[in-house]
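Below you'll find the structures, each written out as structure tokens.
Both complexes shown next keep chain A, but they swap its partner, so chain B is in the first and chain C is in the second.
Now for the complex of A and B:
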């Protein structure tokens, strides 16, 4: 089990024990974390699992693929240097991510 | 609708689930009952013809049980027998009744079974439910010759799984190319080549005469009209679906090619709405009434309906999009390309990454992107603009969908009718997503 911390737009911090094989997206859905939708089921089709990675062993994060890079062009919240798709991030290492608030 | 009213949703697939979730997100306080006829929590279907067949641990549940508990969404496992529109209640097959103030039909679709001799033999299967997919996965591990009848999205996705697991795989299709009803010749040809390169045999333009079986009742092959036999110990039938409209029909609600709804997704009964695969709606992108079978359509119609039921009605205008994945090749489609009269290709198909732009009457109607997500996301924005992209504008050297979309947005020319639509335009879906 690896601890993943999700900080939500209202400041709430939720700590989730991710199971082996989980991604940041699937662990959030399994733990009912608001704001991570995962509409396409982790296929890099929808960009609804956008997160900002605040604290992570950066060297150990998988490099961003071209596909992820291109899908990040259609996130609802602004893309920053910390932006990743949760479905592309394994949970082998503890991590703190911020879940973007959605402008209405 | 008053805030304390009861909404009953029939069908706990992606659309039904999303109506319930969006109602709560928008603050609806009355009872929300989600009725599904399959056991377990609501789940997503797209993986069932892809990863789920390869990896038993593939997660399919849309949300854990706590999601429904926290939001007070009642999950009811039951089959709905009939609708009493005048008493505003549904009768469940188990004898119970559920009263509603508003009823949502999200009944989806059912697989068509072709009237072919031998279709009930052992080893002839279809994929619709998670149970179906589990059975297919077990059979795939034991099969040596897989035949797939129907080269639509599902058929081709299953074919990719078959080839990947090393089974001799043959796809049989009456039309002359894969996914012919959904995609252009250029895209279809590229996908067909991918499958052939993996050793799959495509028998296009062939119809099935019957399925042969042995004396134990197990399928042994597929007999084609040209007399040839495709040996098979596993046959997957994927010849399309029919909308589940019986409840509506029996209740006297208008039905065409699906349950007929207006731009606000209301049926001929104002207390009943319909969304997703089962609904025939006025499509602002084609100017015709259509029925779409896609996650995007189910989810966006669910959000549109939840917005209306919570007091912010807006007509349904979301840009349709679709995807399929075969052999790690990602095909993403924005818009509706059927009936196009011209096309142009951006990029070089030989590189495995390109987009096909489809036009009708000189205007862009759809973009099919193969391993080109930037084109796809740009296309979704462009197709939501008021001012369509003209074919001649794409005929310049170095034309890029992303640049064109960005340029129009900077100039503020993606003027749309309402703020809600402006958000749709940017995001490709409705505003209440979180």
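Now for the complex of A and C:
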């Protein structure tokens, strides 16, 4: 079990125990974290798993693929240098991510 | 209906007024057990349906890791085993990853010009019609076939040939029991597709770049032999099958919805940038696919009942998309609806791979329609529908493109 912290736009922090094989997206879905929709189940088609990675062992984050880069152009909340698709981030290491406040 | 009563899917009253039936099920019987033995249940609430789709342990194979015995061992069986809708992880995950570049944003940007040309030409053909015409026959059936043929690099004139074998192939792709005669016909159809699409694939190899969907799949194939020739062929035939009927129905439903809601058509005419939202609302309000199945991957509790491993879950997409627990005024067709995350393409690992292409088509069509055919009217306000449980659709939609 690895601890993943999700910080909501209102500042609430939710700590989730990710199971082996989980991604930042799937751990959030299993724990019902608001704001991470994961509509396409990790197929890199929806960008509804967008997160800002605040704290992570940067060297160990997987490099961004071209497909992830293209999808990050389609996020609802603004893309920043910290933006990643949660479904592309493994949970082998503890991580702190901010969940974008999605305009509804 | 009490929770103990079994639901009969053959009951004609279900189809007579589907949305009233779905509302009753959502309210009174959210896990409706189906006759004769209750081994199938129908789920109709948005939250329940969404949850099942997003749970990676819910599977598409009735028995984990087992193929149906009656698919034999010929070309039909190969089709079944390599078809995305019939696969579970980890084989599904691998193939899906290889196929994903086909409609990634970059490939889609390159498709826009030819998709636009096909839709524009067919709208122009409608604009030339004086009097009445059947939209289903003259647009709904044509445009998706032309787009699918162009996608596969097949001559548009071959569309009928390609489509003719689909009904014979279908039984090996679904989970309906097969007779030996049906299996023989399915094998023959599968062999036809291996030969026909195989020839196209072989003739295009090395000539297409990654911006072409087939090219993208071939390049995925060539990087270390990751997508086999058989997988490529089955995937391309799968595109044809999965796109043809759904797109035809979605386009027909769009025209029907807008023509029967003139206020919404006016909004769209005044602001063409509403086209993408209007397409989403069409998909929510009249979802082309009403049910998709999964099998319970483990025992779980829902609304106080236990659903056991292996139970077939019939997930009501159209019902979930009208759930008042999720959507305000769900029966109202409102193209400006906010937060319209419908389930017409489902969600989770099998989420429709063609959704981006479908959205491109919807954008182009709904931008063009009110501009080029501003006076179009329905000439039959009560069009005929077929009687199918899973894929209900209008069999004709009479319109006057230039108005009455």
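Keep in mind that, in the parts below, the second predicted complex is superposed on the first by the 103 of 104 C-alpha atoms of A that agree within 3 Å, B and C clash if a C-alpha of one lies under 4 Å from a C-alpha of the other, contacts with A are read in each partner's own complex, and residues count from 1 in each chain.
Criterion: a residue touches a chain if its C-beta (ideal position, glycine included) is under 8 Å from a C-beta of that chain, and two chains touch if they have at least 3 such contacts.
Because the structure is a prediction, the values reported are computed rather than measured.
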Quiz item: Which of the two partners, first being chain B and second being chain C, lies in contact with A:34: first, second, both, or neither?
Solution: first
Quiz item: Touch check for A:76: first (chain B), second (chain C), both, or neither?
Solution: first
Self-check item: Comparison of chain B and chain C by chain A residues contacted
Solution: B
Quiz prompt | Touching partner for A:61 - first (chain B), second (chain C), both, neither | solution = neither
Practice problem: Name the contact category of A:96: first (chain B only), second (chain C only), both, or neither. | Solution: neither
Practice problem: Could you say whether A:45 touches chain B, chain C, both of them, or neither, answering first, second, both or neither? | Solution: both
Quiz item: For chain A, what residues appear in both contact lists, the one with chain B and the one with chain C?
Solution: 26, 29, 37, 39-41, 43-45, 67, 70-71, 73-74, 104
Exercise. Mind listing the chain B positions that touch chain A in their complex?
Key: 44, 46-47, 57, 59-60, 62-64, 66-67, 70, 295, 299, 323, 325, 330, 332, 371-374, 377-378, 380-381, 402, 426-428, 431-434
Quiz prompt | Residue ranges of chain A touching chain B (in the complex, touch as defined) | solution = 21, 26, 29-32, 34-35, 37, 39-41, 43-45, 47-48, 67, 70-71, 73-74, 76, 102, 104
Practice problem: Using the touch definition up top, name the residues of chain A that touch chain C in the complex. | Solution: 26, 29, 37-46, 67, 70-71, 73-74, 104
Quiz prompt | chain C residues within the chain A interface of the complex | solution = 53-54, 56, 96-97, 100-101, 103-106, 338-339, 341, 347-351, 353, 355-356
